[in-house]
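Take a look at the structure below.
Chains here go by letter, A, B, C, D, E, F, G and H, matching the order in which they are written, and residues are numbered from 1 within each.
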């Protein structure tokens, strides 16, 4: 599989945690707001910036809140956002 | 006398309507001959889009534009595509916020009208094109001011006449200032 | 019903598509069935808004086949009816255009030509369906086709198309193109009393004596409509004068098909329209139609300015083809220039009529018609 | 015109077109008979009555009925009828055509007219194949049946027409066989009295073309199949209205009221015209 | 080709065709996203995969997916796909197209492919109107809705597509909205794993063209309608799967097994070829 | 698969429709999609019986539109594919014939012409679709069309049609008529090794380098098929060499459409076929095709017997039109006679090519072609 | 109504009875046998005669048995048979 | 030599097959040139129907019939339509049971073969056409007897060959008797 949409492994007791890496391909964004609106953790918000398409792409408010549900990735009509889980030790 | 004007930008900016209103003003309210033609792509919104107007004292045979006297440009893409087409000594009116990258052009009069910003100030980005029409009128005098106002009233959705006329005036003033330096 | 609202007398600034719709309404059209397609959609959209105001019917069918079938149905029910489409839809209509021909259903079909073949360039113009309109359906037949060059003519020729359709009981075509259709220009709509309107001939005999396909001297049969008590039959099969199928009879087939052709061919002199500009002494004749005729006019004027004896023969009716006019112009000319927005269509008819006078085709595809300079250059080259 | 032969229904027929082209034992004549019977009982105004057919054996019906009638191209009876009905809503417009005409090439028009609830009435002769062209497989041909284009047995699942009509939005839906002449006549009367899009499927013998290849050489043999297999199940689930060698579910399946297209349309027009 | 942008799905897309033509907030991109997601999860063999579309906004999908693909004429995606599937049954053939393309002009092909149970998979973006041509009424437009050709309100009853698909014979039938991206992806995976004719209707926002005229000016507003109105009712009666301002019934409705056309056909061929 | 059963080498007594089906199978056709229609039905019926024997696919679609669409699909999936129809179905196919042209899908379409227009006379012959085959779809394009005169040629020309379709990636037409199709005659089917078979050019480059619409010098692009790993795109929209839509670009449109026309026009000398009988010194030239060519041959022989210098130019390819051959024959001739089973179609092309040599059309509709005497009388009249 | 398919008025007490008059339009008949086969009273049978269409039209075996149900009339595909009730006194 | 034969009757009598078998016999088994053409109406059964055969030693250009040498008629309608078309001195073979009304014809040889009756005796009316073929062969000799038998075997449904050949022989004998007086 090319993509790597893992849900946060809630029930793993040990060591590692997944840290969210939210990638926003700003100039691909058409500003629909789906990702912002439907993020369960309100991780995203509209930025002030105007991109090549004349809209305000999302920006990350607080990556730490991200639960890696990938809903933003899945609902984006323009392939302008995706989330990767990066393994790291608790607290990193 | 044959004047050729091209409006260009992207779908949703009211480019085509701008051409229609200008031509209508020249023709119905201005007593000249005028024709408007257009070109757009498959996109419903956001695609490249242009609107061409020919104004003349005599009957217009060829309705398309070969060498525009005036360009009204509202997107970077439009600028890139058309800026160099303008006739020597011609006029370009552009929205600098939409066109961050300008190249050097010789022998052309360039007027920068932040129409989108002005429209935002008026509360509706959608009237940016009408702001541009105001500036166009002030800068080029190619159509009569009152004629264009009539054309605007005849073409905008019921209930938005006032807003649009205000946008027109704002553009007109802005243009006036630019010309008068 | 809706008399006042039907003719919008006055000066307007309109697009060609809207002018076409207004022309139809002014001509008495009270039924529109269509299916959206660029660049003809605005005709449908305008009809959707306007028809109810004049008590007429707008229906959007499931496709173009259904649209033309519904138009024929409405025509038989007594309404003036029309549809509008572009290439892909026009191709789909061909079978039932043949039905309209065979059952002599007066109706108007607008083809706003875009770039083809196939889906092609939906928002760009073409003049690529001008042979199709004559030959697109199977079997022998003749139709009438008009080519407007301006928004005003989108109005005028649509009125005229209804008149011709009603006069000859034949599907009549307005062969517009994307430019003319989407272009905005001044249109003057005359007062109703200044618009000539023709309605189909009605039968003057009783039900028992009525033969729905018995022609008068002009080769056109009077037309009863459904619900008028004539209880008649019509079929796309070869039929006799009563409308009854005669699928094995060679004589009936010959009589019928020959008449269907002849009612146009023999009345061609009455139907054909051209515009002749400076042809009297022309060495080089430009034959053009539709949007290209405007460039051609410009080019011819420029040529004259430069001392070249050029003339313009503008085809207003594409079909029946104004062969006589071409032949006459060709007699005196050294060369004929045929600029078309296609790869060579009407030029073939020109060649046929022009015999030994050479005809040079100037093709053009894509967004723009020929510029006057391009046509002028051709005049120069061959003049 | 009448009196060319002396049957009491002669006035409903175009004498010069009779005898009809249909084979001995063909069900089409039975359907025409039941149709005229219904017209007669309802004393319909024949000057305000239009019959439209497509192409096919049964498609000749329009030519036989002595009312305003039109024989369209193959598959286009319904959109033609739609044009007539909308242009003159006071006319009663009935489409009588074949399963091939209405559901193969014409299937799209059927589902859309039903969806729109155009007030036209459709009677379909389902003879399990294309009779006119000599017996090819059609959208109603049973699995494994032999036809000229399924010489090794049919691999296409057939439509359940009453289910399809119901799902498309028809307001009256019934199925009968040509043996059920009484019920069929009653049903046609209902069809003619409904306002909305109404549909009757008539399962009908085509002995010469279909029957012959499938072990039923005469109309009688096919009628006997209908007799043995038919089960009347009024207002049962259309999804279960099967046609198999063992069982032909017949009856009325839908009879509902819903505003017709022309009611809604003319309603709008009336409002708009008044507003001016 | 990939890498022109760095989204993990880039390899599934033709970089030179991206950005797609769709408006901001259009649901088509969501559907494409879910589709690729399903492909990705199933690790489909992309060399044996064909996407076919008709004409319309969503019809551009074929051009965006980086597999063998064909963009047919308006309405003809299904019969084209039928030709491909029968000629090379080992290919996975998916049709992705619009409600206008598949159910207005193309309605007949849909019901016949479903009836025959051709093993092609159909995903329909239902945006309640014709987007590409600027927003005319279509076979799914709700009653009284405003479109460019219903300026006084729509008088046509819309299709219930899941009911129609079921009545036509589809073996897998589901409906989701673009908000149900998870369920939609799961459903597309099922669709790709079924053998028979399978169908998913995706209720999808067209804010620019449809929404704007009907008080939902953005994709978000339309998504909010979906959120508020949707009711999941798996395997409930397709006849009752309504779409109204208040209620959008979504879920899986049919999931059955039935021999496909190509199974039956190639079965016959095998027998006949062997016999020789 | 099914190699032995594919070519029924030997002497047969067959109908034209059956011979056509056998020709297709011999040429390698393994996909047939159609919809029954008189007088082409027997082709479908024979295919239904024969296809499974050779491991091919027969499917009866819901209509003719679906049939041609499925044929294009099968062609893209790599099979040689065909459909057969008559006028009404042929009209319905026009839109998707344009798609086949635009996407360069090799395929064969048989039109068994019956009496038209519309439903007309289903069981009687005609030659009324010979212009339609060239002009029936919207947009500019060129196709290839062959006209068989005998049952043997129904076999031979169908093989040839597949070869031409595969060579030029163009829909190719067999324009038969009811007589040739329903007539029974002797047919000799050669052994497989004596039947020339052409298959489409395949790409020789890798997936990354493959451009599905990049032509070779012959103007024809090599063709990958679905499932071969090229992952390419095709569309009926105007497209560039990669197959990607370019709907706003005039240059791409010009390049594409001009090439689609030119790949036939510029190869016309290779494609065109005629039969010339006693033309060398002919004063009167009869130009005929299809079933009528047989009467014409008889008439020409009779004329020679009576001392009239008549000759026959039989058109085997109707399209591209053998204009050069006509022009050459016309040079020396006083008159050209064009007997056709229509109201005047190919005669127009003849006139165009013949310039000043007058061309006389002899129409004929209904059950029978012209008798030799009728053509002879015309030769006499104008000779 | 043009036609006159009356059922026998079972419940009329008085006087009159309906006598069946079966009309067979021989040359219209195509010989399908529906009328003969489905007559509930077996009133009809195949005749020996060959008509213009080369088939044996039905003939009446015993008109008296006819109950005027008109099924033959209704089921005939060729409008070749019809029944009229003629009023007459009991026993006529 | 060019011989023109027309078979006519109604649909369902095997008229078209008769023509095919005759032509095939002449061509494939008889070494001559032969072509069969046909004409029929919209009726699947019972409609007027004809089948025409041209036989020749040289190649056949015009495949239709202008003046038949031989007519084989199996219905009154066919008789009414075609009887007078026959060439002077030509031959008509007809089934008198199917043609109750004959008119006076001059200069024509008429042979009456009750083919339908003979076929009925053989148990299957459907073979009446083959009885006629037997009579045709005996009366005119236009095709070789054995050749026609081969053609029959090649064209009738499997399992019915014997019945058909018997029908042929019965017709042949009947024809023979008629000729020999």
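Basically, a residue touches a chain if its C-beta (ideal position, glycine included) is under 8 Å from a C-beta of that chain, and two chains touch if they have at least 3 such contacts.
None of the values given here were measured: they were computed from a predicted structure.
Steps from chain B to chain G, minimised over paths through touching chains, total 3.
The two chains most heavily joined by C-beta contacts are C-F.
Chain geometry summary: the mean Cα position of chain D and that of chain E are 32 Å apart.
Annotation: 58 Å between the Cα-based centres of chain A and chain C. As a whole-number value, the distance joining the C-alpha centres of chain B and chain E reads 41 Å.
Residue positions 22-24, 55, 60, 71, 73, 104-105, 107-108, 112, 134, 139, 152, 265, 268, 272 of chain D are each in touch with at least two other chains.
Along chain F, residues 52, 62-63, 65, 88, 95, 98-99, 103, 118-119, 122-124, 235-237, 245, 247-248, 367-368 each make contact with two or more other chains. Those residues of chain H in touch with two or more other chains are numbered 39, 41-42, 46. Pairwise chain contacts in this structure: A-B, A-E, B-C, B-E, B-F, C-D, C-E, C-F, C-H, D-E, D-F, D-G, D-H, E-F, F-H, G-H. On chain E, the positions that touch chain A within their shared complex are 5-13, 18-20, 22-30, 32-34, 37, 40-41, 43, 178-179, 181-182, 185, 218-220, 223.
Listed in rising order, the residues of chain D touching chain H in the complex are 21-24, 57, 60, 131-132, 134, 208-209.
The residues of chain H lying in touch with chain F in their complex are 19-20, 23-24, 27-28, 33-42, 60-64, 66.
By the touch rule above, chain B contacts chain A in their complex via residues 10, 46, 75-76, 97-98. Considering their complex, residues 39, 41-42, 48 of chain H touch chain C.
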